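By written order: A, B and C. Residues from 1 in each chain.
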Amino acid sequence: MAKLLEVAGLKAYYGPTQALFDVSFSLDQGGVITLLGANGAGKSTTLRAICGMVRADGSIQLDGKSIGGKATEDIVRLGVGHVPEGRGTFARLSVDENLRVAAHVRKDRAAALRDRDMVLEYFPILKARLSQQAGTLSGGEQQMLAISRALMLGPRLMLLDEPSFGLAPLIVQEIFRIMRRINAESGVSMLLVEQNAALALDLADHAYVLETGRVVMAGAAAVVKSDAAIRKSYLGY
Amino acid sequence: MATTTNPVNETTVVKQTGVASQRGWIWIGLAGLALLPLVGGKTGLISNFAFLQLSLMIVYAIAVLGLNLLTGFNGQISLGHGAFFAVGAYTVAILIDQANWPFWATLPMAALACFIAGYLFGLPALRLEGHYLALATFALAVAVPQILKYRHLEPFTKGVQGINIFKADPPFGLPLSSDQWMFLVVLAVAILMFWAARNLLDSRIGRALRAIRDQPLAADTMGINSSHYKAVTFGISALYTGVAGALHAIIFEFVSPDSFRFELSIAILVGAVVGGIASLPGAVIGGLFVQAIEKYADALTKKISASVHLPLELQPWTIYGIALIILIYTMPTGIAGGIGTLRKRLQRP
Amino acid sequence: MEQLIQQIASGLANGAIYASLALALVMIFVSTDHINFAQGEMAMFSAYVCWQMMQWGLNFWIALPLVALGSFFAGVAIQRIILQPLHNAPVLSVVVVFIGLLTIFHSLAGGIWSFTIKEFPSPFPKVVFAGSGYLGSHQVGMILVTLLLLVGLYAFFRFTPLGLAMRAAAQNPASARLVGVRVDWMLALGWGLAAAVGAVAGAMVAPVVYLEPNMMASILLYGFASALVGGISSPGGAVAGGFIVGVLENLIAYFGNLLEKASGLYLIGNGEKLSVALVIVIIVLTLKPDGLFGQVSVKRV
């Protein structure tokens, strides 16, 4: 299986403070991997480093080409959709405008329109709220909007930062179900950062556990999920 | 120099030695300046006009110092200090012209008037920050000439015509020309005010000001009443620039609304930025700059225009503007800051 | 009564200019968090260039779009070359750079075209129409051109993809990057548009106040007052603020004159208009800094 994303020896810094130390992992085309760990382990930092949002060293390769050092908007245009922590929706724009802004980078208008239909089919609730200001949506709806917006970029890789955060369990289940559909039907690869390990391990193929900026364990998701000892010592449950 | 392993002590000791020798040189320099009229006058080496220039340089240094106190040490921005310059100038002019006060008595009054004006302006302004404060002071500067022409103030300000006053004669029949006498007066006032500023900054108030500048929220939580301090700083800053305005009026023997247009506020700002906004010596350099440029800019720009054959009459302010932008990029701490950095580099083994 | 209507109408005409300037100021503020102190002088310089082109024989309606376009590119260049590198610099540094730009444009205009006052012919034909008693044809023209400009800008921001991208970049630069918007170029575009709008405003007002390097200084102050009244983060508010300030300014002078005629007491009149603007600025900044329509801004600790 070809590797879509290969990260090797990644170091990241917030100003003078180093947050990631030699993180390495890879993601197959069409696969789903998850980064797990406690608060402050460096999971979000990893996503930000991939997107060029923090100062980083090391090798980040997207489809064999290095993207380290590129500007965020250029990395996005290469096919990376980042659903950030806190959703990052444009609160004062309407749902429709949120989707259209992402479509603005697509060169293929027809494909963008098809994606819009697809997205509204995955999340019918958004269709009902198209002209509403994004800031007035509920948490779950905003998360759906954030994912949809990333999909409107036509990405090959989606980075999801704690999509379950602050949401009711039923909504979270619905969202994860749709993410599985997206991965299966559209072939979009996913890198999922989650604190809710159980959910993440259900969706992912491989798991990496981070602790204070280092990868302390890596393995197939199924194995990690079924091994109580690993779960206890690395994930606390 | 004592050698000690305690880093705090070490830096203190170094500082004191450095400051002490610096102080020595400053006193020598000042004494030399004070003796200038004696030397210059008798031998005719230094003309009256030169003394006038020197006086103006010192006056602008005081004006720039006012702005420095506000901007450098308190982190507030003012594009309108010309307004306080005007208040000082008019206070003096009105008192001399209409109440027949002797000029030396008018100086403290000008200082008081400007402190009050600055404090009053600082009260609402204290809630503003950054560009909002810049905006408010910009508005003040633009409106000043019109305010001075206000009909109801005319009995005092004499409106557009302005006020004429007469220069003070040296007292006690001293053998000095009036320009030389004014030079000594200005020098004395400047020494007093710079000394006061130095002591103010090293005091508890000074530390509070720096705290408010660097970490306004933290300062609040530490119990420093930053609102009050901010308004007081504005008052003090206005006081300094106002005294400069007062001296300026006495030297030039004339004030009118149009002498205090927006350009004046910018000139003071330019002086502060060029000299160095958070330093006392910077104010001196700034004052020098404003005066020197005023005198030489015209000739300089004409020379440049002639040699480069530009299709326009190059104006001094164009050069100021370009210089300002270049300075912000290369020496944001001004010439004084630049010298400081240079000295540090030279001191390293 | 006629006098009153005339004052209001003329206030609306002035308000059109203030609204344009206020809009330019808001566009730059919303995207970069900076107040463009040089906006007035840039507009004045553009007006001079327009005048020069007319001296060379071009018709006003050809010169104006050219000047607007040129000003657009100049605005983009200034943002990219001079301001972008300072985006993390302290506020004082940026304010000083703006003042530097202000003095450069001001003195350059004086240096190139001299400081003597010039006449700038009105591009609008002198037509007599109903209501001529209240407004001159140039004033009507000013209002029409300004409204056209504002409607055009509104349509651009509301309905075009580029306008949407610019709004997104201004509201949430981080998220905008995450959807591939080149935020830095959006800021530059904002500057370009502001410069172009300023150019139109300058060309519109020059026939009224006569062309000279000092012509925009007080108008800029009114522009600030308008932007503050409307809400410096709200484009619609800025426009409303412009008309409000324009009418208010005239009404205050009008009632001051009435008072004087009635009681002989002169409180306020035409000579105090700038002071009124100053007072408006101070009052809004201290009591309601977000203006009538702006978003309440909360500072993060």
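In the analysis below, a residue touches a chain if its C-beta (ideal position, glycine included) is under 8 Å from a C-beta of that chain, and two chains touch if they have at least 3 such contacts.
Note that the structure is a prediction, hence the values are computed from the model and not measured.
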Just tell me the minimum hop count from chain A to chain B, counting one hop per pair of touching chains. 2
Can you tell me which chain is nearest the middle of the complex, judged by mean CA position? C
Quick one: point me to the chain whose Cα centre is farthest from that of chain C. A
Quick check: more C-beta contact pairs in A-C or B-C? B-C
Whole-Å separation of chain centres (CA-atom averages), chain A against chain B: 57
Per the C-alpha centroid definition, the whole-Å distance linking chain A and chain C comes out as 44
Based only on mean CA positions, could you tell me how far chain B sits from chain C in angstrom? 33
Multi-partner residues of chain C (each touching 2 or more other chains): none
Per the touch rule above, chain B residues touching chain C in the complex are 71, 75, 77, 79, 124, 127-132, 134-136, 138-140, 142-143, 146-147, 149-152, 217, 262, 266, 269, 273, 277, 311-318, 320-325, 328-329, 332
Given the complex with chain C, which residues does chain A contribute to the contact? 51, 53, 71-73, 76-77, 82, 84, 88-93, 97, 100-105, 149-150, 152-153
How about chain C: which of its residues touch chain B in the complex? 33-35, 37, 82, 85-86, 89, 91-97, 99-104, 106-108, 110-112, 114, 217-218, 220-221, 224-225, 228, 266, 269, 271-275, 277-278, 281-282, 285-286, 289, 301
Residue numbers on chain C that touch chain A, as the complex places them: 161-162, 164-165, 167-168, 171-172, 174-183
